[in-house]
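The following pair of complexes shares a single chain, chain A, combined with chain B in the former and chain C in the latter.
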Partner chain A sequence: MIQPLHQTLYELLKQATGFIYPNEIEVHWGILVVVYPYLTGLVAGAFILASLVKVFNVKEVQSVYRLSLLTALAFLIIAPLPLLLHLGHPERSFEIFLNPNFTSAMAMFGFVYAWYLMVVLLLEIWFTYRKDIILWSKNERFMMRWIHKIISLFSTDVSEKSVIFDKKMVKVITIIGIPSAFLLHGYVGFIFGSIKANPWWSSVLMPIVFLFSAIVSGIALVILIYMIVTPSRRQEIDMACLDKMASFLFYAVIIDFSLELLDFIHRLYESEESIKILSDLVMNKLFISLGIIQVLLGMLLPLGVMVAIKFFRFDAELRKLLYFVSAILIQLGIFATRWNVVVGGQMFSKSFRGLTAYKMELTGFEGIFMALLLLVLPFIVLAILVKILPPWEPAPVSDLEAVSD
Partner chain B sequence: MKKFLTKLPEQAGRLLIVFIVFIALVLLVRFLLPASLKDHNIHIQNTVATEMSRQVRYAGSEVCASCHDEYNLKKNGYHKNLSCETCHGTLKEHSENPTEIKPLVPRQRDFCTRCHAFDPSRPTGFPQINPSAHNPMKACVSCHNPHDPKPPNVPQECQACHAEIARTKAISSHVMLECTICHEVPTQHKVAPRNVKASIPAEREFCGKCHSTQSIIKETSKVDLATHGEKYLCWQCHYPHMPEVE
Partner chain C sequence: MERRKFGKKLFTLVVSSTVFGGLLKKANAQTKDYDPSKHYYGMGIQTNKCIGCGKCVEACKDENNVPKEPFFFRTWVERYTIKKDGEVTVQNIDSRITTHRDNIFEKEILRSFFVPKLCNQCDNPPCVQVCPVGATFKTEDGVIIVDDERCIGCRYCIQACPYGARYLHPEKQTADKCTFCYHRITKGLPPACVEVCPSQARIFGDLKSGASPLGRFKRLFKLHVLKPFLNTEPKVSYSDLDGEVR
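For the complex of A and B:
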């Protein structure tokens, strides 16, 4: 239940250890601010996986190209919601576009987000699907027909020349899209990394660590969705595609792990005045979420499993099971990463002499139910998107011939 | 230009139209924005006017003073820095219509304990009580006049105000020492604690009476004052109410 604030603070005060300043009892950035970087990370990761197909011509992953684009879009649409709910007054959010403040990183990110949504994702999806949408709309019932007609902007041209133009545009957009995706999630790390008063956050490595953990979580998410959706459509899982995705995931996890290790060793070697309280934080308050969930379950265990898969020749069924479990563990680990950054950074006093506690609410805007809802919402959006823009059936060739005749 | 348009693929043209419409809409909205929203220094320029148009709720202590004698009592007491409206609520309406609208008079115990219940983050010496041990169920106003909240009797024990220090000392090795062994307490300190303060030992030799190697008192830890701690006073490193803590 929601308690009056002073009661909550009084309960928390008893859990604080050492010396803390009065305004440090309450952890202001709660679970919603944890969900936000987690969701944007998934967007950037899913998009990077899609880009591999177009830019680096990875043929095996072709069959999840459209699925990962739609996944990125579904999560991007929901990604700002946790922030808007956390801040309150979502109707005022448009003011940052109407009256831009060019010296505020947070305000400028509004434009990065808008750019990424409109110029990168929507355009790429539009050019990818345009021909198919036109062909689908030809033999569909009233509702879907008009939805597809409106989405295609009433375009009718499916000539070879226009299709080639589409393909060219997709390639150009993907090339613009990769740095944009880096910017999208790099920003989230940038915001934390540039808070110089907080030694847990203030690190130049932060944007890069965020970026690679984003790629890890995005690829793992697409693997999960692909492995759940394909059998439910009574189709065979394409093992070549799955193996390829898993191997990308493997390399991404290795890079992510080395970066985080580098950050850790760097902090230890630097041993600034904050090192005592930070080690206290890691050994007490964050021991389970960082030591056990993030590093052991979310990184070392999946890494070990994937090394085993690379060395031993497991049969397809066992590989599927292992990939599935690893992908779930990685999701858990990356969520814990976001938790440790966001909540962990607020658990120690700026006096470096005390620790506070975080008490999560159940209901209410900042509660755990809201966070769960926000984590489920992207999947509902994805289901609707998949209904409108099926990612697995390019229009039959016979239709194409019929039109060009 | 015409050649470019005819060469442009059909779908690109349609897309272009959408983008042009979108940009035009953004520009239109920007044009229609009220000037007050465009100011960069004050985000919303007419904030002051908006705030000023709100209903005034507070009257201010001077208005209270014109009718109520309690104001003069309060202004010399411990509550002199509290506004009347801190306890009695907003009084603008009461000041305009004193017979019809009556102010709040909080008499419940939990109102006083918002400030006076024990809380370690409050400054030492601030009068704090344990509400369940301090005359439970009895209304605060039956002993303390809130307009001049002197304790009904001058406290005999230091811990009436310095509860946390008393509790800390009670489990330290200094438990047997009376407060007055280290602190000289003028009688006025009990009446005006902020104006007349108790003394703090100002010399190393004071602690040395028990803790220097020359001391004749047994069973205390001993240091050589000539070499230990140099120019610092003892209590700058050792907390005297809990000397075990470094």
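For the complex of A and C:
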């Protein structure tokens, strides 16, 4: 374990340019810490899309409301895993809950996460599905029947009064949920933005940029899932729904792009002590991941495509293709955004005199395979959730009548 | 005559060993009745006196079980070479990496000097602020310490330190840093780096006691701390610090 680390560090030592503090050779937050904000961003984004539907009563997108909620839950369940795996002592992680240091942004993780999971997502999903779960469980076989009975917490009331109450509760939770989703990802941005030692991170805009990039990635993800799952169920893609989601995506990308541009111009104009090394960083270490992938492919190109869709009347098939490609490009771009923040912020010395290097392993806890696994896992969880809580078929009304008889 | 000389030497030996032994005993005893509230530690670094021998780095690694590889340091020494055209070259003085000695002609050099670095034991420490579990804390006598039985190895403190003074101990998988040799200073001994410095460039002392080498240092020199604009309030202060040092 230690010997390979030293070997890697000796290699990296040769790649470092200029002067770096000797302890800075090891890049401490690697690919796993890139995956973490990417996953939580998807959670927040998917949830905010679901909330838009409820709060502003957007009818077109109603059909993906439940799917968005389940997507948010699936990703939220996996989100802490990369953090846990990257700890030097994962077995002590519970200390964050038992002995939190209240001045630490990271210690708030436990509370923010628990609040979001327990109070917001699980409750909203429970109230959304309660009536359906009860009705489903009536006509099911042993296994599913019990799973649904347990999930419904053995509630049996499907009276009109109780259903109205469910709807009311969903509305209330959504209203609490939107600021909570902002909190969840804004807080992740704050973890980086509040580090005054690091000029690449230290910015009051960081939580807001994180938030809007989260919304962008979340909407794009739900678009992708919807476009893959619907045909596989032999159903027609609802173009009104897709157009509306793409429209939300378009506005979110514009806000995200403006914020990042503002951050860029602000830094350049203020031209503080760190500007030289940060320019070096962007031109050398981050040229491909920031210049090409994040900005060009992940932002400007999809933005151009979506402007074109708004101006010209493409037919449905072409629109579908363009939306699909744009959503993939946006995912790539947002992943690059997380990479540029997390890894980019460690590629320059705090002496502002040199650049370090990062070598990603293939295997091991901090390797590419682990990162890929962590990116695939939420989809597996989502598949299971969709099996248990089908997001597309509200229980037939005839069942309701049968029960009330 | 010879005999008298011998007697004198013997007497000196006996007296000095008794005194020394007594001092050692006292030093050992001090841990037991050591009262942290009566101390507040700091360090002065007389930059001009550093000759870049690296003894402090070696002593620190030996004393504190710091891995020998050149990626882990509780203290290190930087060499600055500023050329007439303004170009600044900085190197970490480490006996193992001397292969890349630069070829700067002496005539091109405007000025050159060494700067010892270590944890600044900030009075307003960002590392303590960000530690999620309170494993890094400030002792009553002002030293920042890591409890390696509580540290979860998240490395947030390493990111938060503006001075690069922390590293992740590869065997313990917990954050590690300079403690002013806390195990020594609470016994009345100086930190290892201070003890071995041949030119006395490092002056360790108690900020609470007025008459001390550190007090004298603070009285005699114009002082500066590293990155004062970050409001970390370092307790390690430098005399004759060049503006190029970050």
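One rule holds for everything that comes next: the second predicted complex is superposed on the first by the 397 of 405 C-alpha atoms of A that agree within 3 Å, B and C clash if a C-alpha of one lies under 4 Å from a C-alpha of the other, contacts with A are read in each partner's own complex, and residues count from 1 in each chain.
The definition used in the following text is that contacts are C-beta pairs under 8 Å (C-beta built on N, C-alpha and C of every residue); 3 or more make two chains touch, one makes a residue touch a chain.
Note that the coordinates shown come from a computational prediction; the quantities given were computed from them, not determined experimentally.
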Partner chain(s) touched by A:150 [first = chain B, second = chain C, both, neither]: neither
First (chain B), second (chain C), both or neither touched by A:195: second
Partner chain(s) touched by A:26 [first = chain B, second = chain C, both, neither]: second
Touched partner set for A:166, first chain B, second chain C, both or neither: first
First (chain B), second (chain C), both or neither touched by A:95: both
Which superposed partner A:126 touches (first chain B, second chain C, both, neither): first
Most chain A residues touched (candidates chain B, chain C): C
Common interface positions of chain A, toward chain B and toward chain C: 13, 22, 95, 99, 101
Chain B partner contacts - residues on chain A that touch it in the complex: 13, 22, 95, 97-99, 101, 118, 123, 126-127, 130, 153-157, 161-162, 165-166, 169
Interfacial residue positions of chain C with respect to chain A in the complex: 69-73, 76, 78, 88-92, 94, 97, 117, 126, 128-134, 150-156, 158-168, 170-174, 230, 246
Touching residues on chain B, where the partner in the complex is chain A: 9-12, 14-15, 17-18, 22, 26, 29-30, 33, 37-38, 40, 43, 119-121
Complex contacts: residues of chain A adjacent to chain C: 2, 5-6, 9-10, 13, 18-26, 28-29, 83, 86-90, 92-93, 95-96, 99-101, 103-107, 109, 191, 195-198, 345-346, 349-353
